[in-house]
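I've put the structures underneath this note.
Each of the next two complexes has subunit A plus one other chain: subunit B in the first, subunit C in the second.
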Partner chain A sequence: MDLSASAIVGIGRTAYTRKSGRTGISLAAEAIRAALDDAGLSPSDVDGMTCFSTGDPASPLRVSHAIGLDEIGWNVNTYAGGNQVALVMANAASAIITGQAEVVVVYRVLDSNVRYGKVTGAVEVGGFEQFAAPQGYMVPPQWFAMWAQRHQHVYGSTCEDLGAIAINNRAHAVANEHAIARDPLTLETYLEGRWIVEPFRVFDLAYEVDGAVALVLTSADRAKDLRHPPVYPIGAAEGTGAGGMPDLWSDQTSMYSRIVAPRLWARTGLSAADMDIACMYDCFTYTVMATFEDFGFCDKGEVGDYFREGRATYGGDVVVNPHGGLLSEGYLHGLNHHYEAVHQLRREAGVRQVDDAELALVTAGAGPYGGAIVYGRERPS
Partner chain B sequence: MTTVDWSQLPPPQPLPDADSAGFWQATANGELRLCRCTNCGHWHHPPLEHCRRCAAPTAFEPVTGTGTIYTFIVQRQPAVVGYFDQVPYAVAIVELDQQPGLRLTGRVVDVDIDEVRIGMRVAARIEPLRGGEFQVPVFAPVAVV
Partner chain C sequence: MDLSASAIVGIGRTAYTRKSGRTGISLAAEAIRAALDDAGLSPSDVDGMTCFSTGDPASPLRVSHAIGLDEIGWNVNTYAGGNQVALVMANAASAIITGQAEVVVVYRVLDSNVRYGKVTGAVEVGGFEQFAAPQGYMVPPQWFAMWAQRHQHVYGSTCEDLGAIAINNRAHAVANEHAIARDPLTLETYLEGRWIVEPFRVFDLAYEVDGAVALVLTSADRAKDLRHPPVYPIGAAEGTGAGGMPDLWSDQTSMYSRIVAPRLWARTGLSAADMDIACMYDCFTYTVMATFEDFGFCDKGEVGDYFREGRATYGGDVVVNPHGGLLSEGYLHGLNHHYEAVHQLRREAGVRQVDDAELALVTAGAGPYGGAIVYGRERPS
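Take a look at the complex of A and B:
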C-alpha cells in the first residue's frame, strides 16, 4: 500500500461556535468552498466526496449539490463517529490511487442538532445498548469514565494526570484564534471543575461545537502543480475489538491502539520517536492517556509525568495537539486534527508552528474502535 | 408550542429483538437468565442466536448473578433521560462468576456511592423499570464470608 501516491492539497473550515443557527449543509458547503479555494481548485474539479456521520442530513449527495455540482461520482457516507476518521482519509486516498476519482473532498460537519453528551428525549434502545441504557448509562462520557477508573486502579494514574493532558491542550489553544476555549487552565481550576461522571470533570470532556472542516485530496502528481506544498499520507491502520462494544473490551487500560499501533508502525517503518507532532484523538483526556501509551510514546502509567515535564509541548519530545484538540479547539469529531496536521506540515501555523515539522501522527477513535494515519511533508522514497 | 418537561420522562426502554427476547422474558419473571451455548457451554452477553465459538444453537439459562466489579462510574451530572433527578448514581461493569469476560452492566444499589470499589463482590437483583413493563438487573454488594 502506498498511500503517498495521493496528497492533501487543500484545507478549509468554518468558525467553531457554540451555536451557529445554521444548517449542517450550509456549514459544510462553506468549509468545502474554502478548502477548494485554498487548493486553487473549484467545485467543478470535484468528482469524489466523502464524510462520516451518525446519520445527519448533510450527506455527500446534498452537500455536493449545494456547492453546485450537478452530479457526483465516487461518494461514501461512512456511518461512524471519530473512530473511523483515519479510515475515511485512507479511503479517499485509495479512491484516487485506484482511479475511482481525481479530486476528493473529505468533510465533517456538526450543527447544534448533533450533540453526543446528553440524551433528553423519550427513547427506546435496541442493539447491545438495550441492556444498560435503561439504567441511565448510554452516553460516551459514561463509557470512557469506566475505562479511566480501571486505569487508575491498575496503574495508579490520577485525576491530576488527566488534568495535565487538559492543561497541555488548553495551553496550546490559548495561542489558537480558531479555538473555542482559550482561557488558560491551571491544575487548581481543573480540580475545581464540576464532576460530570467520576472520574471525569468538565475539563476532561471534548467541547462540542458547531462547525465544519474539509480537506481536498488529489494525486501526488497533480498535487505538485497546485498552490500549496502537498502533504502526503504515509500509512494508515485500523482496528476494532470486542465487536465495538466498549464494556466488553478485555483490558480497559488499553484501547484500540493496542492493535493499531503495531500495525501502523509495521506498515510505515516508523515509530513514536519519529513523530514531530501527535494529534491524539481526545474526546476525553483519558483517550489521550491510553492511546499515547499504546502508540509507544511512554510506558503505562507515565503519561502524567510526561505531560507535566513538558515533553508533550513545544521544545519537548513531541507536540501533542498543537491546536488544542477536541478538548479546547472544539469537537469537530477529529477531522480538525487532520486539518491541523496539514497546516503544521505545510509550516503555515504561525506562532503555533512546530519547528522543522516533518511527520505527524493523527489518531482517531477511543475505546474498542479506532485507527491512525501518519502524514509527511516528503513522499517516502 | 407545548413545553415538554424532560425531567418527567421515563428512562430509555429496551427494544427486545429475537436474540434478546429470552433475557427480557426472564427478568419480567424476576429471574436473571443469560444466553449459553447448548454444545460447548460458553456464555454470551449480549445474546446470540448461535454460539460465536462453535456455531451451535444457544438457550437461556439461569445464573446466580454474583460477580465482581470490574470498573464503575459515579454519574454526577444529569445526562440520561429518566435519571435527571437520580444523580448521583453509580453504574458498574460486573464480571460474572460464570466465566471470565462475561460482563453485565448495571446500577449499584444499597450502598453509599462513595463506598463502591473495583473488586467489590456484588449480586444481581431484578427491579422494575419505570415507564413500562420491563424489569432490569441491578447490583447490590454481598457480604464476603
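Take a look at the complex of A and C:
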C-alpha cells in the first residue's frame, strides 16, 4: 500500500513576521482554519492532528481546543525538529491509509519564544553536549559552519558557492509576497554580509520568524470530491545518516541524504531528473549544498556551478525553493516547503508558477538525521 | 487496510527493579536485544524504531546506536505518556503497512531519574498548571484522587471497590516472577495501607520501577516465517475524551474511554464480551474503575462487585491484568501491558496462562486522553 492512497487537500498559513506578540496556539489555529477552509472542510471534519516540536505549548490537544473541537482522535506530537517533517507527513498519510483517521491536520508553529539560533539563558546540557557546550559550541550555526569548512577543504567548495544558493533562493523570494526577506541579493551584497560564524555570513542562515503552516490530508477517494486538485504523497524515506548521535560532531560533507536519497529513489522508482521542483531544507545554505549533491542533482563539489549556471531556477533543470526557502521566505521549520510543493503542484503559484509542475521533492533535515518525500499531481499507476 | 497486515513477532524486557543504577539507554538496549532474539532477528534487521517519552535521553537515535546500528530508517519519538501507548503501537503497524519500514522496534524505558509520582525540585509551569501548582496540586495521584472522590459521590463507589481492583491485580502478580510486588494482598491489608492522597492508599498507586520493555513488529507476511506465532493488532482507537486540556481538571468519572471504547468496538466489530484478556491501564486503581465500565464490561458503579465476584480473574468473564498490571508488576508506562497481551496470546504464560486466549484488549491512558488496541491470535477474515 503506497502513500498515495492519501492526499493533501488543504493548505493554510499565517503571515510570517518578527515579534508577532501572538501565542503559538493562536497562530496555529489561524493556519489550521485557513487550511480547512481551503479544503472546503470544517473543524468538525477533523479526527486527527499532528505536529512536530520539542514540547511546545501549542500541542495538538490545545490547538484542537482552540479551533473549537472538544475531541480529536488520532493525535501525535512528534518530538523532533525539521529533521522529521517528511516523516510527520508520511505518518499522517499512513494513519489515514490504515483507518486511524479520516481527516488529519499537520501543522507547525513558531512564536517569538522559539528561536534556535542563539542561547539566551542558562541551559541544562547532557550527553555529548556536555563536552561541546563549555567551548561555547552550542547552536546549529556553529555546527554547520564547521561542516561547511570541511566541505571546502575536501571538495574545494567556496563562499561564492554558498552565496550562489542564497542568491537563487532570494531571487525567488523577491516575487513571493509571503516572504520575509525580499530585497534582491547580488554576490557583492552577499559578500558584504556580516560574518555570523565563518564561513557563514548573515545570508547563509535561515530567517527565523513567527508564524504557522497547516496542511490537511484525507484519503485519495475523499479527496476527489473536495475543492482543489489533490496532491499525492508518492513515497517517503527517513534515515539517520551514519553513526547515530555521536556523528553530529563528525564529518558532514554529506548528510542524512547519503542514506535517504537512494532509499527514496528506490522506493519511488524516480530520480532527481524526474523532479520539476526541489524544496530543499535550507536551515543554512550549506545544508542545500551537502544534500542536493546526494539526491543526485549534481556531483560532489559542483553545486556552486550548478546554481550559478541557472540550473536551479526557472528554465533550468529543477526549480529549487521557488518560495525562497527558509533562508528568504522564513524559517517555518520546513513545513512551509510542503505548503509550497502543494501550492505549485496545484499550479496556483501565479508569477512564481513552475511550468507543468508534476513532481516535487521535499527534503527535511540536516546533519545526520532527516528524510524526504515526493509529491505528485497524479497517483502512480 | 487494517492493522493486522502487520504483526508482533518479538517481545523482550529487563528485570523491573528499584534504583537499578543503570542508564535508560542501557536498559532499553537490553530489552530490545531480548525482543529481537525472541523474534529470531538481529539488530541489522531493524529499520524502524519508536518510543514515547517526554524528551528522555534514551531516544531512538541513541538507543539504536547502543544496539550496534549506525543507521535506522523510520524513527519516531512520540512526545507522550502512557496515554498514547496504543497509538504508538498502531503507528508502528501503520509504518510497516505503508512501506515506511519492514521491522520496527517499539520500546519504553524508565530509569531511576524518571518518576511521575512526586515533584522533587523547582519546576516551571505554564498553561493551566500555573493556577493549580500554587495550591500544591501538581502530580497525577492528586488529580486521580479528586476524580475518584467524585465517582464515589456520583455512583456510590467505595474504597473497598478500589481495593477489589488492587487485590485482583496482586493475586495475579503473586504468580508472576517478573512482578515487583508479589506479597499477597487482602482487603484487611489493603485497608491498613497508608494514605497517599484520599481516597488512595499506597496500594492504589502504580509501583514505579526501573526497566524497559520492547516489542518487534513486522509485516504479517514476514511474520509467518519467524520463531513464534505472530500476534496481530486487530484495530486501534484514540481519543481525547471531551473538552481538551481544560478537562484535565474537570469531572473524570469516566475518562477518554467514553469516546474511545465505542470507536474501538465500531472499528473492530468486537465488544467487551469477546475479550479473553483485558490489560487495563492502571496507573491507579481508579483508572481501571473509570475505564472498565466505559469499555462495556459492566455498568457504572458496578465495578467493585464485578471484581469481588471473581469475574475479572481466571474462570470469570475476562482476566484483567494477568501480569499484575502497573500496580503490581510495575510501572513500565503501559508497554508491559502489550508485552503481557502478546505473551498470553502466544500461550506462553505458564501457570498464569489464560485458557484458550484468542483476543486481548489493551488500554492506554487515563483522564481525558488515551487509546486502546485489540490484539488477536488470528487475522480477521
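Rule of thumb we're sticking to: the second predicted complex is superposed on the first by the 369 of 381 C-alpha atoms of A that agree within 3 Å, B and C clash if a C-alpha of one lies under 4 Å from a C-alpha of the other, contacts with A are read in each partner's own complex, and residues count from 1 in each chain.
By our rule, a residue touches a chain if its C-beta (ideal position, glycine included) is under 8 Å from a C-beta of that chain, and two chains touch if they have at least 3 such contacts.
No experiment lies behind these values; they were computed from the predicted model shown.
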| item | value |
| --- | --- |
| Partner chain in contact with A:Ser53 - subunit B first, subunit C second, else both or neither | second |
| Of subunit B and subunit C, the chain that contacts the larger number of subunit A residues | C |
| Touched partner set for A:Ser381, first subunit B, second subunit C, both or neither | neither |
| Subunit B versus subunit C as contact partner of A:Val76, first or second or both or neither | second |
| Residues of subunit A that lie at the interface with subunit B and also at the interface with subunit C | 126, 245 |
| Interface residues, subunit B side, partner subunit A - complex | 6, 9-17, 20, 23, 45-46, 70-83, 86, 89, 91, 93, 101, 103-107, 118, 129, 134, 136, 138 |
| Residues of subunit C touching subunit A in the complex | 1-3, 5, 53-55, 57, 59, 61-62, 64-65, 69-80, 84, 87, 90-91, 93-95, 97-100, 126-127, 235-246, 259, 263, 267, 369 |
| Residue numbers on subunit A that touch subunit B, as the complex places them | 117-126, 128, 130-139, 141-142, 145-147, 149-150, 153, 194-199, 245, 247-248, 250, 252 |
